[in-house]
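I have a structure I would like to understand better, so I am pasting it below and will then ask my questions one at a time.
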Amino acid sequence: MNPDELKSLLHSLKEGTIEVGEALDRLRSLPFEDLGHTNVDHHRGLRHGFPEVIFGAGKSVGQIEGIIAALLDKGNNVLVTRVEGEKALAVKKAFPAAIYHSDSRCLTIEQRPVKIVGKGKILVVSAGTSDLPVASEAALTARFMGNDVEQLFDVGVAGIHRLLARTKLLYSAAVIIVVAGMEGALPSVVAGLAGKPVIGVPTSVGYGASFGGLSALLGMLNSCAGGVTVVNIDNGFGAGYAASLMNRS
Amino acid sequence: MNPDELKSLLHSLKEGTIEVGEALDRLRSLPFEDLGHTNVDHHRGLRHGFPEVIFGAGKSVGQIEGIIAALLDKGNNVLVTRVEGEKALAVKKAFPAAIYHSDSRCLTIEQRPVKIVGKGKILVVSAGTSDLPVASEAALTARFMGNDVEQLFDVGVAGIHRLLARTKLLYSAAVIIVVAGMEGALPSVVAGLAGKPVIGVPTSVGYGASFGGLSALLGMLNSCAGGVTVVNIDNGFGAGYAASLMNRS
Amino acid sequence: MNPDELKSLLHSLKEGTIEVGEALDRLRSLPFEDLGHTNVDHHRGLRHGFPEVIFGAGKSVGQIEGIIAALLDKGNNVLVTRVEGEKALAVKKAFPAAIYHSDSRCLTIEQRPVKIVGKGKILVVSAGTSDLPVASEAALTARFMGNDVEQLFDVGVAGIHRLLARTKLLYSAAVIIVVAGMEGALPSVVAGLAGKPVIGVPTSVGYGASFGGLSALLGMLNSCAGGVTVVNIDNGFGAGYAASLMNRS
Amino acid sequence: MNPDELKSLLHSLKEGTIEVGEALDRLRSLPFEDLGHTNVDHHRGLRHGFPEVIFGAGKSVGQIEGIIAALLDKGNNVLVTRVEGEKALAVKKAFPAAIYHSDSRCLTIEQRPVKIVGKGKILVVSAGTSDLPVASEAALTARFMGNDVEQLFDVGVAGIHRLLARTKLLYSAAVIIVVAGMEGALPSVVAGLAGKPVIGVPTSVGYGASFGGLSALLGMLNSCAGGVTVVNIDNGFGAGYAASLMNRS
Amino acid sequence: MNPDELKSLLHSLKEGTIEVGEALDRLRSLPFEDLGHTNVDHHRGLRHGFPEVIFGAGKSVGQIEGIIAALLDKGNNVLVTRVEGEKALAVKKAFPAAIYHSDSRCLTIEQRPVKIVGKGKILVVSAGTSDLPVASEAALTARFMGNDVEQLFDVGVAGIHRLLARTKLLYSAAVIIVVAGMEGALPSVVAGLAGKPVIGVPTSVGYGASFGGLSALLGMLNSCAGGVTVVNIDNGFGAGYAASLMNRS
Amino acid sequence: MNPDELKSLLHSLKEGTIEVGEALDRLRSLPFEDLGHTNVDHHRGLRHGFPEVIFGAGKSVGQIEGIIAALLDKGNNVLVTRVEGEKALAVKKAFPAAIYHSDSRCLTIEQRPVKIVGKGKILVVSAGTSDLPVASEAALTARFMGNDVEQLFDVGVAGIHRLLARTKLLYSAAVIIVVAGMEGALPSVVAGLAGKPVIGVPTSVGYGASFGGLSALLGMLNSCAGGVTVVNIDNGFGAGYAASLMNRS
Amino acid sequence: MNPDELKSLLHSLKEGTIEVGEALDRLRSLPFEDLGHTNVDHHRGLRHGFPEVIFGAGKSVGQIEGIIAALLDKGNNVLVTRVEGEKALAVKKAFPAAIYHSDSRCLTIEQRPVKIVGKGKILVVSAGTSDLPVASEAALTARFMGNDVEQLFDVGVAGIHRLLARTKLLYSAAVIIVVAGMEGALPSVVAGLAGKPVIGVPTSVGYGASFGGLSALLGMLNSCAGGVTVVNIDNGFGAGYAASLMNRS
Amino acid sequence: MNPDELKSLLHSLKEGTIEVGEALDRLRSLPFEDLGHTNVDHHRGLRHGFPEVIFGAGKSVGQIEGIIAALLDKGNNVLVTRVEGEKALAVKKAFPAAIYHSDSRCLTIEQRPVKIVGKGKILVVSAGTSDLPVASEAALTARFMGNDVEQLFDVGVAGIHRLLARTKLLYSAAVIIVVAGMEGALPSVVAGLAGKPVIGVPTSVGYGASFGGLSALLGMLNSCAGGVTVVNIDNGFGAGYAASLMNRS
């Protein structure tokens, strides 16, 4: 809408050819920031049914409790990621309904049951035991976002047969999250087998020249298999969130 | 060993022409791939309807022509990526039906019309004019894989209003590919607005400390917005392929 | 402005308590995207008197000529950066008024004289002869943006007295751009002497472990002197633009 | 040799108590800093009204107290940056007038009120809660240097509307400091909107491939928006200092 | 499905208690790993006599004890790598036969004596005292895998004569593991002298620009001497394991 | 000084034609390499039957021809690596017996047939067509060093079944060289299957964030499978040479 | 085998008590280091008067005490570098003559006074207070090696006049060690002024993008001034040692 | 202001033609460099007898000729580094006395014979043939600076005996420059043997993970041998210049 159109709209209103309501409607969808963006956010909330998520790292118990209280008030379920054990204990005192998931360092409060809104199953595959915290964060996030989630453990590429024995499970998924450290090769193999969207999550597991997950990250970005996309190192939450969007799109 | 051979082996055992020991030996070393894996590939082809794709870089005209001929024989459509102009000209002489897309450096032959198999629209968003070759490769790949594709140009974050004016278009997409060089911030903004799976494609565009796309790559991996996953630098094909899988899952 | 205020504004217009012009003025500064952004851009243009700039690298002669023609039509002066010699010659044929500055690889057309709008002098200091193209780009950009610009050459830190002999010149500047490759130490020394905003521009000059300007970039970022900020490697235009904003603020 | 000594030397020459040769010798080896540079420093102090600043990290409580005492003696205000809580407590015992700002880990003593010497307002914008310590250090530094400072919180690019709702605030500033971790995209967006000098401060906030702030740093250096200059990772003090110079130039 | 179960299935078919169709179905979905890969693993175990190895880092005492118990049950010897002292003490309480090797941070239980299966001698050469933990891990691993192992200490390249005095020892080895930090030059010199396969193990020993072993790693990868291959930084176990394979091949 | 000369010197002493002092002087400064090291080299030559190898890159045609002539004179076979086509043509004119292997850019002259001295088979596995030049260099080097060599092509991890169908071939090798670019995952899978020494050769094949082979290199160094050691990027010769030593040890 | 033993062997041959064959055997395997290299070491010790130095980091109190005892026995002075306070206390109990230098974390025992053997003065220049431990290690090392050493503090490039006031001191030195963190620019300025060999020591002082001293290291390596050579990050000992060699050569 | 002008000013004061105030004003702003620093430069020139050196890279033939003419005018010898062959030919036409050294890409004009001013011999050691251009640049620079220079070729660490045979040569040098690519280990070995100042020059020779000389650079910086200092990659001139200063100090 350019100035002339705006002028013409205002003239029409002044001259009575349109009513205030009609002008209001046309203008209401215009300035997105004060009017619109809250709407956009509301729309998205309604459309996806996604609960609010709190990134717990670097926040005090007091801050976390404040945000939780506000969210519960609006009737939301609550997911807090990256909460260390002691902090979780403190929060549980204030909110006894909270459940702490120590494997994924997440804390959840579900005032209303999570409704399955995803179309298919999200499968979370992990290579080694040390990848489990990240894999669990991804799985819990996806579940919390309303998806049917399954996990497959300990299927690293050095013992490829363990993975090959589960190809049916791979085929049954709508989206696959693959969590791996060290050389980060598992997403390539899974994507080659499955023909489904694969989200690679490099982990900081490894020693020496793994350089805090850089090696796995580069491995996944350079995957020779089609269909692999990648999130940040150790970012299980990000993978679970992206998978939820894919499972809905 | 295909299913028929397996059946025949079992019949021989049942009929007594071979002994349990011999059958055991032959089954013990059963080359699982001869049974299962060729099938897997066929299944995948049938299931997805994905045509074969040839990565043209580093292949000679002769090699490319050979693969094209083989693919056409099986009735496939053909997509060749990363073909420089001269090479494309030579290939076109041998296959006059080939179309060269100079903007994306791709060459296609469609013996049967591409059938739309994707559920929704794939939107390819790009930041600057120099991101266009990569964006075009992504768009052409997605189209060739049977998707409805739309492109949105020149909406970098430094002029954020150009993007904001297109939010409806963002909402209308099932999957969004965002191609950007320099600081690689566009996927974050798009994902914040759209609530759809966003595939970030960092490009090697930029100078100085862009370090061949590393800067954009890191920017996208560290996105503060949910739903962003990333492919390799300049990998438009990879993004188009992954988006196609997401649009089907 | 919330919906109620908007409604009330529209009612006032309809009821005749305000005129179209007044409503227009209040609305004009409202919806920034369709209405507003052209305005914002116009406002900024009017406020700063900044002409449009074309980044020439990676654009064809045809593209550049098209944008130039459009800009001239609106009465603008034109600056094209990163234009190689041959391209510049071609453009000059189409626009004989164009002047090519081979030292900075820039091309300018001034249909109306550049008006000095900057409050003080911008000084561009460079360390070695090989830093000159970048320094010249910075100087020409700042001049074109309406600033009084002076250049100081060949005052590297290995011969510190050459710089010390010019401290008066340093004091006389409002903003100082310092262009240096190799170890990138010059901005620290200048900032220590001058007490003025210093913009460091690392250049890719050097060999061996200069790593394409990374060494100079890190040197400037880690400056032990107060008041140094840094732009991208070889980004003379960016420094000239930022200095222009500082000289006006 | 201070100016009085110099004057006295010249008088001796004029009065004949020393010869030209002797004066020449004494002047030839004239330690320029005793004359010129202390003066320069004094001049700068007077010109800018900048108080002395102590970088607290790596200094013992005793060392800090010694410098504070010396500065107070000369009538200066005192700012100590990077002081951890315990150290601050100890220092406060010795100087009860000291105020500790735990959010920015700074300690200040103002024996005379800070006089506003900056021409306009310095706005400090930050993306996330974890960027707050750095943003606070920048704001406190700028305030201490005699500027009117305002802060804008929690306006990351993933929720771009929160920033867009504050464009008036952006326009009202003379210099804008933008503090952001993760992908570091906020300075680009702010600079695109505001048309003011923007100082980007990358923070080490983030995980995985943020590599201690490298990702945000590269993002800001590669900004596609004009007017962005960058300081070191987490260097809030440096940004506040540079902004003070810009607000005066 | 283990070989006995398979045999039993085939007998049932031969004896007519099941039909070809049923046998086919059960074999068609034969989870190849249950048949083949356990076998492969068993085969490999029998062929190489390699005991199982537990990577101790990041595993709890409880987890380690569980795996040890299972391995002992099958009659295996046990090697646990990367076990810190306290953890080792706890495990020793549960398994008094365990021996803790504090120099290599390894823990071993040998229920049956290690049988020498390697053809020649494996020599472990180390440069400095701080390389000893890694060298010891390599030596212990190789010994545990059934090799004759010898160690040569403190023969860094800065005192080349110490190494030259031991050339006979170098010639006597079948495989040489060379452990070195800092510039990582020792494998080059050893390989130049010995004409045997040399496995370089870079260590994270050093300070400053050793960058956690990167410097030594690059040094070894760029060795100008033939016959040097490299494993990950500090990966003594990997070197010992690879040397064992080479000593058998 | 060769053994004969030494013997002659000792005889002269015994026979009294020289004195102890003179013998002492000659022995004291005995250039140990003339005695020992040339011998060592000769010994090694005899022991391994390794012909001399010329690294062709960066050498002129004249230099290469000179070294070839000298080697042929001593009765050696000759291998020149990294020879571009034109250079090879020139050399072939001077030495018509030379054979140029364009796939591996190597040139060989065999005056006496290569004798198989390796105990087992060396298998060279490669992932993609673009890895072929490096794989060929490795294969040719190993063959030239007197080994039975076999090659396995195009078995990347994205189509894992192609590799699984060849497990027998993997088991039949004494040493396996695995050449792969992109994510460099193939050596992990091969080592997991084969239980043989695996030498990983990362290639610079790939685009974007492969960073000239760094990604593949890191992938191989961080292999989760036992028995993998690594050589430099694209260093097929180094792998072939190391494999030859392993196949003999 | 020392020269006397060699002489005796030759006499035996001449006198007929041994045969040529036996002499040949003993000489052929002549362990050259026993003859030459121990001598070399002794020669070097005598020539340079350098005492032995113990790198204390990573050594236990027991190990350090053992080496000290051995060195004292031979009449040497002792320098131990990188000794933390507690360890030093323990060592001092065993050797009451030991002096601990807490600023440089060094411990020395001088049984005989250090004799000045250096020809000129070694000057150690440092930029900031946090560079002092490294500078002190360099100074103490050089003093211990028999040099006249002077230190110049707190002359960073941001306040260049402090350095310029000391040019006479710079001219008076034979070798200059310059210790600096952050941007590492000081060696360039010093070398430009002094015309003497300058050894740059980058320190890990700094924050943000100093990357543990990498920034200062690159700055020094890329110095635009002639005569600057560089040692490892924080390597004060190495600089002191190299300067001692230069001051003697 | 040169000494004569200063003298004249003082005379005027003494003679009463100017007043103290005026003299004070003129002296207060005394541009110290005009007095002192030009002198310093002259002094340095006289003291060291160093001719001027032109860095030829990036300079046009015209620029080089201009500087040469100016230098010859003052009676200097001339050294131009980094001159490619064609450029050298052109310069030789203008200055027939010029000699082009193609191995080091340097051009020299000696109007007066180079006088030996260095105290001892500078030895330039290089590892491989591809290090020769850098080694030659170092040797030529040192010779031109008035030193006795000797070169030692092809003594890489993989054939350590070639170096050991030349220990006498090593001992005979006052300063040793060691030029090496690949793993850069040679300086460590040389410094361990020689007990002389060793300047390491990493070269960009190598392939794969040599990363343009980074590998050799890190190797040298992390040298475990005392007395090694390092210059930039391929910086033969810098090494020759630093060695000249050391040979004089």
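In this document, chain identifiers A, B, C, D, E, F, G and H correspond to the written order of the chains, with residue numbering beginning at 1 in each.
The criterion applied here is as follows: contacts are C-beta pairs under 8 Å (C-beta built on N, C-alpha and C of every residue); 3 or more make two chains touch, one makes a residue touch a chain.
All of these numbers come straight from a predicted model, not from anything done at the bench.
Participant: Could you tell me the least number of steps, going only between chains that touch, from chain C to chain F?
Facilitator: 2
Participant: According to the touch definition, list the chains common to the neighbour sets of chain C and chain D.
Facilitator: Common contact partners of chain C and chain D, which must touch each of the two, are A, B, G, H.
Participant: What's the chain with its C-alpha centre farthest out from chain C?
Facilitator: Farthest chain from chain C, going by C-alpha centroids: E.
Participant: In angstrom, rounded to a whole number, how far apart do the mean CA points of chain A and chain D lie?
Facilitator: Taking the mean C-alpha position of each chain, the two centres sit 39 Å apart.
Participant: Find the geometric centre of each of chain A and chain F from their Cα atoms only, then give the gap between the two centres in Å, rounded to an integer.
Facilitator: 50
Participant: Counting only residues that touch at least two other chains, what does the list for chain E look like?
Facilitator: In chain E, 32, 36, 40, 159, 164, 193, 208-210, 214, 217, 221-223, 226, 232-233 touch at least two other chains.
Participant: Go through the chains and record each pair that touches.
Facilitator: A-B, A-C, A-D, A-E, A-F, B-C, B-D, B-E, B-F, C-D, C-G, C-H, D-G, D-H, E-F, E-G, E-H, F-G, F-H, G-H
Participant: Mind pulling up the chain F residues that touch chain B in the complex?
Facilitator: The contact residues of chain F facing chain B are 129-130, 159-162, 164-165, 167-168, 205, 207-210.
Participant: Which residues, counting only chain G, touch chain F once they are in their complex?
Facilitator: 3, 6-7, 10-11, 13-14, 16, 19-20, 23-24, 27-28, 30, 32, 35
Participant: Given the complex with chain A, which residues does chain B contribute to the contact?
Facilitator: It comes out as residues 32, 36, 40, 44, 47-48, 119-120, 164, 167, 174-175, 193, 195-197, 199, 217, 221-223, 226-233, 238-239, 241-242, 245-247, 249.
Participant: What part of chain G is in contact with chain C in the complex they form?
Facilitator: Per the touch definition, chain G meets chain C at residues 127-128, 156-160, 164, 182-185, 188-189, 191-193, 206, 208-211, 214-216, 218-226.
Participant: Which part of chain C faces chain B closely enough to touch in the complex?
Facilitator: 32-34, 36-37, 40, 57-59, 63, 202, 204, 213-214, 217, 232-235
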